[in-house]
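Next come the structures, one after another.
Okay, so chain A shows up in both of these, paired with chain B first and chain C after.
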Partner chain A sequence: MARAWKWVTGALMTASILLAFTYSPVATRPRFEGGQTTMVPWPEFRIFFFHVPSAWIATLGFLVAMIWSIRYLKTRDPKQDDVALASSELGFVFCAVALASGMIWARREWGAFWNWDPRQNTVLILLLIYGGYFTLRSAIADEDKRRRIVAVYSIFAFVTVPFLVFVVPRVMETLHPSPIIKTDQQSGVMNAKMRQVFYLFLLSYTALYVWILNIRVRVERLSRANVVDLQAQEVA
Partner chain B sequence: MAILAKDIRSEVRTRAALNAIVLFSVVTLAVVSYATGSFGLSPEVHASLIWIIVFFAAMAGLSRTFVVEAERGTEVALKLTASGTQVFLGKFLFNLVLLGLLDLVLIPLFQILLPIREANWGLLGIGLGLGSLALAASTTLVAAIVAQAGVKGALFTVLSFPILIPVLVAGVSSTRKAMDLAPWADAVTEIQLLVSYAGIMLTLSFFLFDSVWRD
Partner chain C sequence: MSGAGYVLSAILVIWLGVFIYLVSVERKLNRVIRDQAFRDKPQAR
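Now for the complex of A and B:
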């Protein structure tokens, strides 16, 4: 299963990246000049295909981490905590990717990598939260206690995510596309073909996430089994 | 309630947390007024300064909520005599009282050193009060978490700061609006955000506290 999944992920990723540059037409945006509105090409918009799925996987990763933290607190089974750890790590990495690709876009469209835009701030705060999660993990020596405490923090921290992602950017003014650039059918920025490619990207990123998560969880379990083996040998 | 009374009694005897909080806010305020005293401050800067001082004073005082129990060796006795919910409620109320006192000390001090000339005082007070409520609601559980970890000093701030961002954003915004003499209707979003955040954090803490407190 895991072996086949690798090929599925590879095929999906290759297909999405190729289609993003071939099948998907170049985005256009309206330009107002001399009282007339013309649609001009907007190739930079393509980063959207890589940026939005990263942000989606970051949210998914943190959500999965929270659910498996709850499961750990219920069962006290270290296997649940392995998933929570792996998923937080992946969420963290994809969050960083979303931030970096967002910054490239910001440099191009808004003129600077960092604009203190509420969206940029909230993603940075997400990184801080899960940075805190890993710091806390390394600060507790006793393994069972560590799993229990970080599970609590993971659940507690996830509750801030909807506030940071949905509420704060609406209280403050933002330059981020989703309130400003309309990506619906009427505006013409995205057409049906782009939309298909975008959904394929969501799918292939999710496949990528599942693939890495599986590997990471197995590594964690093997290394624990190894430690147990070594301890058993020492005792013997 | 008994826990709240016990904590207040021991605080009155030692005044450790209260001294830390009040002196911290006096010192930072003095530094700030050295740097900016001769200039008029815009409401944005003024509101941010108030909240920065509240935040760091709270970090200095509230981090010790549960650590003191471990240091005095009274943690086990507390575990035996009270349920988790009672302990959490007592500690939360104690933190709330501390922050309330901080607000009461801080605003008159601000009036002396960096006067707020005109404001919608009701909104300013409600914003600070609700902000303190949300602060106490979100940090009490973090204080319990930190007491379990090895490194105690910086960890509390590292873990609390990101969780408190929505509170700080809404708090600064409500205080700024109060100083701009905005009517109440303008600050509804901020007040809703503070109340709902405090409510969610409290509910969640009640559910999670036992997992931290009991082995």
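Now for the complex of A and C:
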């Protein structure tokens, strides 16, 4: 299964990318001109297929990091901390991808890469919070103490995620186009084909996350085993 | 080729690069783990 996973992920992601440009129709949006409303093509919409799954994986990554941090605090098993670290890193990378893709879209739609929009601000704050996680990891020399402290930090860091990702942007006025993910005919611009491609992207990104997480955890365990090996040789 | 065609090509090339990199990292990791297992337990060979 582990061997097949990479090929399944590769096939899923390649199919998703191809379908986003071939199977999914180009979205349209209204344009007001001369007192009349006409529907015009909106090819920039496609960035949604990459942007939203990135944000989903960022949230999933931070959630997994929190759960494995709790497991570490319960068991004090470094293997649990390896998963928390790997998942935090992945969450951070995908959060940065979501921010970058959002900025590219903002440049096309709002005229500037950065607009101090609540969505942009909260995602940036989230990146800084998890940047603090890695800084904290590198600042403590004692391994047990480091794992314990960053596990507690990870739990508190995740508490901010629902507020920063879901609550604040909905409470404050934002330009972020949230209605496009609604699926009813009245408010949504996504039709059935777009939704199918979107769900395929969510699946592909999740498979990619699982694959990279597996590699990163094994690398971390290998490097820790080698450090322990070297320390034992030094003592001997 | 249209604008969408260029964007599709660029995204596919980036994805292919990421995929090949990940596959090579995984292969190297498997090799290192296997070599280490043989080193620790030579009789396993």
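As a working rule, the second predicted complex is superposed on the first by the 222 of 236 C-alpha atoms of A that agree within 3 Å, B and C clash if a C-alpha of one lies under 4 Å from a C-alpha of the other, contacts with A are read in each partner's own complex, and residues count from 1 in each chain.
The rule we apply is simple: a residue touches a chain if its C-beta (ideal position, glycine included) is under 8 Å from a C-beta of that chain, and two chains touch if they have at least 3 such contacts.
All values reported here derive from a predicted model rather than from experimental measurement.
Once the two complexes are overlaid on the shared chain, A:P43 sits against chain C while remaining clear of chain B. Legend: residue contacts after superposition of the two complexes on their common chain; A:T160 is shown touching chain B, with no touch to chain C. By the document's definition of touching, neither partner reaches A:F62: not chain B, not chain C.
When the two complexes are overlaid on their common chain A, residue A:F94 makes contact with neither chain B nor chain C.
Contacts of A:F198 after superposition on the shared chain: neither chain B nor chain C is touched.
Comparing chain B with chain C, more residues of chain A are touched by B.
By the document's definition of touching, of the two partners only chain C reaches A:T14; chain B does not. Contact with chain C, but none with chain B, is seen for A:I215 once the two complexes are overlaid on the shared chain.
Within chain A, no residue touches chain B in one complex and chain C in the other.
Within the complex, the chain A residues that touch chain C are 6, 10, 13-14, 17-18, 21, 43, 46, 50, 211-212, 215, 218-219, 222, 225.
On the side of chain B, the complex with chain A involves touching residues 141-142, 145, 148-151, 155, 158-159, 161-163, 165-166, 169-170, 173, 189-190, 193, 197, 200-201, 204-205, 208, 211-212, 215.
Against chain A, in their complex, chain C makes its touches with residues 3-5, 7-8, 11-12, 15, 19, 22-23, 25-26, 29, 32-33, 36. Interface residues of chain A facing chain B in the complex, by the touch rule stated above, are 73, 122, 125-126, 128-129, 131-132, 135-136, 139-141, 145, 148-149, 151-153, 155-157, 159-160, 163-164, 167-168, 171-172.
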